[in-house]
């Protein structure tokens, strides 16, 4: 197939980019200065009580001579004056991250309705159940060992088991992650990300996955795919973090990661009965409700990733809203041009694509860049959904790959294009601001994540398939997952 | 006794009901159906994929009447439902062998009205 | 018609009130002392570290010798001691306004469901789409030029173009608007108001407006009606602000403004097919969901308008909740008396009417006054909906005029009655607290806004009608907007 | 009946526990040191500026030498150094409690959907209406006299009328309740609890209570049951508070209290027509939406009960999420074992049971304990719903007793088992941490509340029944409450 | 062969089903309809505007039976559905010319049961 | 003229429609019903209480045809709907006394198609 050829070429491109970068990095040792990850500090403000005078900086009460927000990387730590080593909680920052955590939690039910509205009436509980069960299972997994695997410091690949059962995860800030909020709050905030990421994948195998297999797959996937990748990008010692990859709120860790696993699942579970027909959403208002909750929750996702009520939060908030809006609009225009009328599902899909695309760059790009990022997010995702999917013929039922992976890739690369130290002095400049290397770093992070996630997800999938059989029987698929997997009907038909 | 089934456009229901009242036909049973006829449906688009919807919402009336009410009832339905446009619907008439009023157990023509 | 005669008399009354006021104002130059707008400062607390000792005042950390919240008006600025000119961001205030901004964003989807549940099954997506598209379009418009038009300082009518593309809108506080939060946050918060205001109008022409015409109308309306009126009331240099009109969170700017435009639209687009029949809500639970989200979001709308986690926020929060409750209750009683049973839609409508009515006075009145304001809000709106609307015969499908304009007028006037410096020393006293002039000022603000908005909206409407034809064809109206304007069905009928 | 015999034995057990405790308390006067109620202070931190250095403590800006959070009990107050008597508002704490208040408000609509989805299509508005009307009525009642009855200080049984109409309830903190937020904010936060508590009861008599009787019952119940019990546990001078009962966020006051009143109502109103058939939820997605809103709002309920953005809030947040998750999971497993398949309604019910169970202990137990508490919450509630209810034969339509009362009892007792001073130094140790007395105190609080609530609720019920007749006619029940009590249909059937 | 159509009150469905089982009638097709008859609807009020709803929810049963089952089936329906109050509904009986079981392609009286 | 009523499985509708088109039968009326037949329902469980659901979603087709279309129509339905498994459904055929096209007021066999 021609399509697979195109794919091969793309992979080759990525590999050469990686090699180019490797060479360059080897020769320029100072390249890793800008820390990746969600906790971008304003390192320039250290020690200044009234840094507020210089534009782009925001003094935080009570952080008198300490850096405003502790940058999580080693270089940033070095600039902190000695004798200032006891970080203190700031009630304002704590309040913002508390509510942000709640907002991110709400995204998982939001996603459940976003997806649930799109499937048939006899599969809606299947979707809701999968989302809710993930909320339950991963919440417990995270406290037991997930947080430790992802964030315990030191190793390049995994975080180790020092923090199992939250041992040592207390209420004083852990300054390498967040200097002004309790460590447990950082843990909980990150936990919500670990919940929604596997939940995103659900859309790919909607209407046809057996529930027991689902459970097994998801627990393994979170442990062996999500936790390590989160460590790479955000954990102290993670290799992508050390490389200087920028991922403010999880473009790579969350969206690309889930999106590529979704593609794998869609390919290997096979088409729905009837051959991957169109979605006929049984309740579009539910999908719109979900979109609204996602958009609302995304303010916590992105603006909360600044881990304080600081100016980075404001920037992330503004660009998040702007990119979502631009992308929604852009999809509406595409629909208007190609299908005569703008559609509600289109605007909703576009908005989500925009939210995905702005995620990695939310703390690095400006509002005007966000408009461009949003606009193109819809264009790329629209192509993925209407051209690429039918072209390759996989049945990614609710377009997880088309929206989250494609949107995430675009977002990660766009961060490498539009990032600006004018927005975030502790970040980096992108290609359009004179730093082509950042773009290559982003490319490397994207590719590395995609390959790892695809391969490991596939291995997990195959293991689960052998033991539990992943797909429901044809009869069960016809009757619907609600009745066959959960013994319930979403709606009464007769009363 | 006859059973008259009429398939009409949803927005004509109110008018048909008014016409039936005028004809002294007050009893009927109504439900929503999907019609497939000459009238073309409206294209639907979900994420760029077009779907040609060919089933359209219609209202189905079921009215049991005595013989001498058959023609007046048909007239009333025609009066209320006709717009002259494709999709106006159909009326079907069938023989009714028996009719029972559950409340009183009356049977036949007295039960119908 | 007798009704139009009544109307004329009302307009004449308003004009004489204006003249009376003009005379009085001319003779008493100190009249503009109390600042209008959303950023009511507690000017009496300047320079007192522990102003907390005096009841009614709340010390904000870090604002040691500066006014707690910077009053936005010139007089208030004068009281600020010199040498205190660098305002600082407060993390607590920032956290509260961040989440308030998210809450106000959620109101637009809330409104979508509030309205969407009330229309027929074949028009629900039309409503949702219009609300969502506004969220997208105005978000972009605001960043590009809307904020500048509304808030760039200096002119009496419009704000000018200095801040186009957010140029100069950074992270340090802009003290004339909000002294303790980043300027961009104030911008974003205000942006959410600019989104929901046009969205309110949607209810008037529900089930019959062409989508292309809708888009054109709304972009023009926001630019030529919302942006200027926002400037009048809240912008530095706005004439209503300088006059001393009190509008805490947008009774005039948002509700009266949208409500009167809605009346215009309802009159000129004409009745729905079938002659403006009753609403038969296709999904009342959706309407209730929308009401819940509106109520929830309104805490951000009103209590967020204090622009900090200060005591004004608390007051606004308490009176918002109280007025909504009292109004919901009051409508239930009206229904009980006039229709035998209290209705759910009635309670929801009443609650919204109460929320509308308390909006302008949220920072100026006490909780007990809020009960009275809420109770009467329902009475006036009930009359508007059941007597005035049938009387005049316009088909304001979802009662935007009857609830938002009437509720807004009552709220603006009630502020002129119940406002008390005991609640907000930086505000003003109302008629019942011995200051009849404030009532006249309020009357003037209401009337000015209504006339401007009605006339300019009408001009925009007519231009759009000539170019695009505003109303859908009769056939499309029968089939419904979902299928004809968006090529989608909200629900599957058969599966 | 055998079941009633079991019940009698249980009551006797409780009484002997009480007596045992009474004896012990008499001999050990220092026993009341640990304050109950929601405002658990960290008394160990008094006077230390940088208490942040000692793990488990969090310094709050501006509370320099005062206890971080004012413990609400007399003993805690004693440790406060003199001369520090002017408490100040903290913007971060205020921001968190503001948004928490909004979150708790959202729980009532959340509950409306949780319940509303479970009833038949012709009774959904009945549920929504009852929830919304409570939101309206109690909001007004609270401002008028409810807050005063519950929280005005001094008496053991009721709070008196000093604070009627919010007289004296201003913006400076009332340090016995919350030292860092405005008093009115504390009032509003507590008001939201007073709303949701009676709303919980609705599920018991769903589909068959007359609306007028409902109104009368609820106003009386809130006044004569909720307000006193809230005073006992949280009010200055309340007897359970003085006894040292631990109830962080309302396990006793809210859940047990409502749950036992629900049982009373279910017994005395009698079975639904058709003999207390199974629930056939007309719209399970609504129930799931409600669950999501409840879970989301519960972060405000529990983590907001720390009354500041402090470490107690973090602890409460983490254990709330963890317990809900563990309980949801646990119910899924029970369903899997006993009914072949895990069900969505089961996970939702379990999650709510877990949220209920963690409520009293949220500020006293650790995350690992929360897993155990959650797991067992589902087990006990599952038994209550599937064994106890059919056994006794009462028709508690939506299992208010089975979930809220049973979950609440388990939570209150579990607090007596798992509470640890390691988590909250101002709390107490439970049985498993070497303090068996705490368990007895908890038992006493539970029993006292149950008996008082059951008896007084019954008296109110009987009075209302005599005057208004509580139950609707059989015909009205058949037609449904929506049409007969509210003259509305939730959905159009034909369009 | 006859086709029996019964319109009954929603809350009587369970009882009717039980009576039919007793009579050895196990096969049927059911749907929800709106009935307009003698029984008055309940007034609805939306924002103060009264709407006289005259269509009431009913259940429609469709049962194909052989001749000798006609009377027992009618009896069973009467037993289950009768409350003696207005709105109890009607039973209509019509001739059935042919009946085919899709699974086996059997026809006529053997296909019916 | 005959009225053909077919009760089929929901997922067979598309196939049946295709078969009918091939047979030149393009007009029909469709709605959703609940069937009670040989096919066992799926147990439902709500909070631990099992409910034996014995009504299953089916699709009901109503097709009015002229005499010579009766057998082809039945064939087409059989072709599209048969899976050989319990629950495949039934076809009922009844006499049609009259048929009126509302738009044109045509009657009888010319009105049917």
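We just call them A, B, C, D, E and F in the order they show up, numbering each chain from 1.
Operating definition for what follows: contacts are C-beta pairs under 8 Å (C-beta built on N, C-alpha and C of every residue); 3 or more make two chains touch, one makes a residue touch a chain.
Source: prediction; values computed, not measured.
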{"item": "Chains touching both chain D and chain F, listed by label", "value": "A, B, C, E"}
{"item": "Labels of chains that are neighbours to chain E and to chain F", "value": "A, B, C, D"}
{"item": "Equivalent interface positions on chain B and chain F, same or different at half", "value": "different"}
{"item": "Chain A and chain F, separation of their C-alpha mean positions in angstrom", "value": "48"}
{"item": "For chain A paired with chain C, centre-to-centre distance based on mean C-alpha positions, whole Å", "value": "35"}
{"item": "Rounded Å distance between chain A and chain B, as computed from the means of their C-alpha atoms", "value": "54"}
{"item": "Numbers and ranges of chain F residues touching at least 2 other chains", "value": "30-32, 34, 45-46, 55, 57, 94-95"}
{"item": "Interface hub residues of chain A, defined as touching at least two other chains", "value": "61, 90-93, 95-96, 99, 280-281, 283, 289, 339, 341, 343, 345, 487-489, 493-495"}
{"item": "Overall pattern in which the protein chains touch one another (line/ring/star/complete/other)", "value": "complete"}
{"item": "Contact footprint of chain F on chain A as seen in their complex", "value": "273-274, 478-479, 483-484, 487-489, 493-494"}
{"item": "For the chain D and chain A complex, residues of the former touching the latter", "value": "50, 52-53, 55-61, 90-93, 95-96, 99, 103, 120-122, 280-285, 288-289, 291-292, 295-296, 299-300, 303, 308-311, 313-315, 317-318, 321-322, 324-326, 328-329, 332, 339-345, 347-348, 351, 366-368, 371"}
{"item": "Touching residues (chain side chain F, partner chain D) in the complex", "value": "45-51"}
{"item": "In the complex, chain B residues that touch chain D", "value": "10, 13, 30-32, 57, 59"}
{"item": "Touch list for chain B against partner chain E, complex", "value": "3, 17, 26-31, 62, 64, 94-103, 105, 111"}
